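The following pair of complexes shares a single chain, chain A, combined with chain B in the former and chain C in the latter.
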Partner chain A sequence: MTVLDTQHVTSAPRRRDSSRRRGGRAGYLFVAGYAILLLAFGVFPTVYSLYLSLTNDRGQFTGINQFTKVMGDYRFVPAFTNILFYLVMWLVVLVVLTVLVAVVLRGRMKPGLSAVFRFLYYIPGALAGVASVLVWLFMLDPAVSPVSWVLDAMGKDTFAAVLSPGDLPVIFVLIAFWTGAGGWIVVMYGALNNIPDEVIEAARMDGAGPWKTAWHIQIPMIRQWIAYMTILAFAAGTQLFVEPQLLQTASLGRVSPTWSPNQLAYVFAFQQGDFNGAAAISVFLLVLGVIVAGLLVWRSDMFKLDEK
Partner chain B sequence: MTSSRGSGAGIRRNVARKAVAALALSAVTLLAGCGADATQSSPSAGAKAFKPVKQDNASKITVWTDSTRLPQVQEYQKQHPDAKLNVVTYDGGADGSTYLQTKVQLFDRTGKGWPDVVFGSPTDVTWASEPTKPGAVAFAAPLDQNLVPQKTLDNFAKGSLAPCQVDGHTYCMRNDIAQVVLWYNKKLMDQFGYQVPTTWDQYQALGQKLAKEHPGYLVGSVGDTNSQESYFWSSQCPAFNLTAPDTLRVALGDEKCTRMSKLLDTLIANKTVSTQGFFSQGFAKDSGSKVLMAYGPSWYGQYLFNAAFKTPAGQISAAAPLTWPGETTASTGNVGGGLWMVSAHSANLKASTDLVSWLTTSDANQAKAPTYPAYAPAADAWLANPDNKKYFAGDISDVFRTAAGQVWTGWSNTKFSDATAWSSVVLPALTSGKTLTATLPAWQTAIANEAKAVGYKVTTK
Partner chain C sequence: MTYTASGSATRPQRGKPSRALSVLVVGVLLTALLVFFVLPVLWLLLAPTKTAAQITHDSPLSFGSFAQIGKAWHHLVDFQDGALLLWLRNSAVYSGGSLILTLVTSVPAGYALALTRFRGRKLLLTVTLITMIMPSATLVLPIFLELNRFHLIGTVWSVILPMAFYPFGVYLVYIYFATSLPREILAAARIDGCSEWQIFKLIALPLAKPVIGLVAFFSFVGNWNNFFLPYLVLPNSDQFPVQVGLNQLLSSTPAFNPVAGAGLNITIPELALAIIIAILPVLALFLFSQRTLVSGMLAGATKE
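Coming up: the complex of A and B.
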């Protein structure tokens, strides 16, 4: 029923004006603006950190010495273990919940109500990163939290008890989900919209209920979008910095200042003055991100073009 | 538009060239398998003769101060209308924050931006007195080299300039000291009929008695970032003991550490010592009025009892530091105590030094200062000011003056904050129900790891 209601939204035909597709200076200009920014703030810093990670502070080339040095640091393994636990939890929660919510919004809700929910979900993501973490600082401190009874019920009667080291990954997943998932729900909803209504209709005629349709038709058809979300969420997840850093300050030091690899890199650079070691840690993160992205792209056929 | 495209192309070419060069060179190094010997060079000690930059006695100076000290800087400006100051407030190294260090690292890389005068913590001097990288100039100027008269430096309280001294030079002037004393609520003591303890045995006994007779009342807390300085420093525990400039002794198995951890474990178990910090969210509201005693720094009087707990005037007093069996004089700790540094990069050393000298030594300023001055003549003026004493139930002058000279010198000022391991390793363990004594090995490992990471040799015997 809902499917039919939204038909006019999804199937509006678009006219292509081939005469506008000629090359021109304007096109280059538009692309150049982004390309320059990308080179200046994306590619150049990456190359520079590669250079730093292979040299020492006197500019001498040291091969892989910086990498072995940071790997031997006593904080390296804990930081990467922390981030691993966090990433596994965060990605599973993100993929399962955003897809689930998007499917429900798309298939089982009136379009108007669905739009209201999508807007509501999106709000936390629109808050600046630090501000949204500050909101959580209040939520997690039983002394000021509006939901302190929930914390009390879990046996957490002080801020210190809430921040026990074993619970930190869960806390960061909560914060990350709250701030980041709304945007992805909107994206997944858009991806579901791209599935032709005839396909859904055909599934319905074959006797598939909403859940069967979701599991066998909708989710496989937005697989590439899910892979895309996973890649970006993984890359963002390895960069975890603001959340542990702010909790560290707010808890007067009860959270380790080197909880995540990015914090460790920060300590290397700005407390030990070791920019080369910091660069080596960020190269580790880069390599990790590239490997996972490569795997996901390969497994999900993300770059395979639709035969049209 | 055209020009930006042009420079864009230039950047692109540059980047490409650099990328190719970096990749080629790294490939060569990796293949050859021969790196340079050292992965990182250690900065040379800052004992070299100090060469000021070109001076301009009319130039404006930038002052970084914490908010507590801001009124004093403003007062200087009022009294010296000709002085040109650009005043910036920042958190001043509180709670192991490394803002200043982070910024100086960056300024050293860009070659500009250093403030002329900064308020900092004792930990800051350890890095500020050394160049942050080869070829850089140490941030702090040696004040004893033609900047501040030796006579002035000699007048600081015994040992209070120790954190400022590196390689025989003095890199800062101490603003205040935070000698640890025994704070107590006189009104509650009288009401309960208790005697103020003078030894650690009496302190423990009183804690045990209090747990039975008045449950819910407290004799102390170990939950703050600096509680270890109040307790373990006062027990002469060799947790941060520099036996040589590059060798740190971390021996938490020492009897002087375990005697304190066992004492505290007893009191933590009977809930008279809180594992929640005095300064943690909600403590003042829930338990502020239940603090019978607090072993802590001289600033607890105004900042903890008066400002945070809002205890009415005339109830709180201070007693001398406690002694251990067999001791006639106490040794005590030092919790914070800020200092002022002048930047070696300052183009107006005269104005900078003048400001720092006025802030730390003038009676006009220090008599009204919020915390106990390190400069002995100014400390007398501070104690003579009725405003600094009228809040208390008795005269704290003798206690403060004596304790200032009893700070144990075996707890050294290191290149890393002594708060990090305590807060991030020991306090979570206590919260999860472990005893302090059982956590000592983990604390020792954490300190040793931190020390090694910044280049110390570590002994644990």
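Coming up: the complex of A and C.
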């Protein structure tokens, strides 16, 4: 809290008024460039997407017809169930492990050693997207994998067995954690770094061990960053596309081409030529994302520093 | 245990085994994660040194020969007359161009959102947050249609402009300034007669170096690795960034696509080498900026 409380030191009311006016005019200039991009590639596409989902291919208003149509599609429920399983697992694993590791690395470890760990954990972060999926194709193929003995132990001795439908969410969590966690550990470490040493020292003087300090002081103080990570990881998770798409290619069709909602939207748009249906799926994802993010923002006081 | 022993004496005795245990647990966790993160990378680095046959028969973490790397490299460059080099150049143009646009727009915007008051500020902030948490793939499709309407499909701008829109960066800059640049400094500068531009240039920008580095880094990495957008808006192979190129390479590999891959020399070592080359810029960037990333993260005026 001390981080944010520094903001609450207010200057004299008159000075604030004048700075508000002067800052105001300049403010418009400072945000102009970004605002144009926001309108062109954020707001407009969203509105357009909503418009498409409420009309048909001749531009006639059709109400919720597009939504009932895609919901009635036999691939809709499986795709959303898949993504739900994946998201729950992914978020739990990500939050628990990144915060835990950041606390440990920020703790009593020598700074140099901690930097080495952070670097090594981050390396896979450079392999996002296609590259990471390709690497994991090899890791999961018992014929070439360095951990084929692990796969064997689990009774998975062929590539086909590894890619059984029930295991796909776990595989995607592995890939996402492998590429994404290192970066978040760096961010969480930075957030912990920002907690003044005096606060930690005071907790230690009061007899709190490292775990107690972490649980009662450090984690509450970085909860806005945790919420932030959760929101972005959730958003990224709902848009899963490359991973199942490539796995589908490489498995010669054993993985469903509509495993994730985004793949389903892609099939609707570019294989069935149904942009309205695709837009309806996008709107489902959008509403889902906004609800979850809203809950997290509200629960974590993420906007607290903005109340004044 | 009797009460004659002082309380302070029992504490360290009880603490020792639990401390040792927690060190052990922590050690196991860190090591397990280390193996998890590093092992696939190690495998990837060793794969191009071996032939396809050696990869399946030799021990997975063995080293082949340097000569084989050269062979794999030649096979790669031969693929569609140096397509890989072209893809790398494209990636550099796309990521570099959008990075510049991102920085020029997001840093002043985040600063103004945090430290100035203007009508519509709260709205802008809310819309930014909503867009940021919106799955960007949600927008790719409508963006595709929008670009199509303005006849930009297949042009450099159809990739650079959407990529330059980076609400995450604006939000990072906003949080940074809101939490670590006391408004009093600005008020003092204003009293000294600085213009808003001067305040931004002389006070805010120098303090913002760490967060600018962070935004630049995340933006570059994100754009370099972007697949979905260029996959949709760029129809020609000679326009592909390297990520989309890798996809094409994958479907030209006989192991994964026996028909299309016939007669080509693209096997697992070549694919592994292509992956390494594709990620090299990002890896190098991280190597050079790691200190700024970590030490600069959030550490600002509040720490003094």
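Methods note: the second predicted complex is superposed on the first by the 273 of 308 C-alpha atoms of A that agree within 3 Å, B and C clash if a C-alpha of one lies under 4 Å from a C-alpha of the other, contacts with A are read in each partner's own complex, and residues count from 1 in each chain.
As a convention for this text, contacts are C-beta pairs under 8 Å (C-beta built on N, C-alpha and C of every residue); 3 or more make two chains touch, one makes a residue touch a chain.
All values reported here derive from a predicted model rather than from experimental measurement.
*Asks:* Of the partners chain B and chain C, which touch A:M205 in the superposed model: first, second, both, neither?
*Replies:* neither
*Asks:* Once the shared chain is lined up, is A:D274 touching chain B (first), chain C (second), both, or neither of them?
*Replies:* After superposing on A, A:D274 lies in contact with chain B but is clear of chain C.
*Asks:* Should A:P257 be classified as contacting the first partner (chain B), the second (chain C), both, or neither?
*Replies:* In the superposition, A:P257 contacts chain B only.
*Asks:* Given the touch rule stated above, what does A:F119 touch, chain B (first), chain C (second), both, or neither?
*Replies:* second
*Asks:* Just to be sure I read the superposition right, which of the two partners does A:V43 touch: chain B = first, chain C = second, or both, or neither?
*Replies:* both
*Asks:* On the A-aligned overlay, A:L127 touches which partner chain: chain B = first, chain C = second, or both, or neither?
*Replies:* Second partner only.
*Asks:* On chain A, which partner's contacts cover more residues, chain B's or chain C's?
*Replies:* When the residues of chain A touched by each partner are counted, C comes out ahead.
*Asks:* With both complexes superposed on chain A, which partner does A:A143 reach: first (chain B), second (chain C), both or neither?
*Replies:* A:A143 contacts both chain B and chain C.
*Asks:* With both complexes superposed on chain A, which partner does A:A35 reach: first (chain B), second (chain C), both or neither?
*Replies:* both
*Asks:* With the touch criterion stated at the top, can you tell me which chain A residues are shared between the chain B interface and the chain C interface?
*Replies:* The overlap between the chain B and chain C interfaces on chain A comprises residues 29, 35, 40, 43-44, 48, 143-144, 249, 252, 269, 275.
*Asks:* In the complex, go through chain B and note every residue touching chain A.
*Replies:* Residues of chain B touching chain A: 1, 4-5, 8, 11-12, 15, 18-19, 22-23, 25-26, 28-30, 32-36, 38-41, 43, 95-98, 101-102, 105-106, 109, 132-134, 223-225, 275-277, 279-282, 285-286, 416, 419-420, 422-424, 427-428, 431-432, 449, 452-454.
*Asks:* What residues on chain A touch chain C, complex-wise?
*Replies:* Against chain C, the touching part of chain A is residues 3-4, 6-7, 9, 11, 15-16, 18-20, 22-31, 33-35, 37-38, 40-46, 48-49, 52, 97, 100-101, 104, 115, 117-131, 134-136, 138-139, 143-148, 178, 181-183, 186-187, 189-191, 193-194, 196, 209-211, 224, 231-232, 234-236, 238-239, 241-242, 246, 249-250, 252, 262, 265, 269, 275, 278-279, 282, 285-286, 289-290, 293, 297, 305-306.
*Asks:* Going by the contact rule at the top, pick out the chain A residues touching chain B in the complex.
*Replies:* 29, 32, 35-36, 39-40, 43-44, 47-48, 50-51, 54, 56-58, 60-66, 69, 73-75, 141-144, 158-161, 163-165, 248-249, 252-257, 269-277
*Asks:* Using the touch definition up top, name the residues of chain C that touch chain A in the complex.
*Replies:* 15, 22, 26, 29-30, 33-34, 36-44, 47, 55-56, 60-61, 101, 104-106, 108-109, 111-113, 115-119, 121-122, 124-125, 127-139, 141-143, 145-146, 161-162, 164-165, 167-168, 170, 175, 178-179, 182-184, 186-187, 190-191, 196-197, 200, 218, 221-222, 225-228, 243-244, 246-247, 250-251, 256-257, 268, 271-272, 275, 278-279, 282-283, 286, 290, 293-299, 302-303
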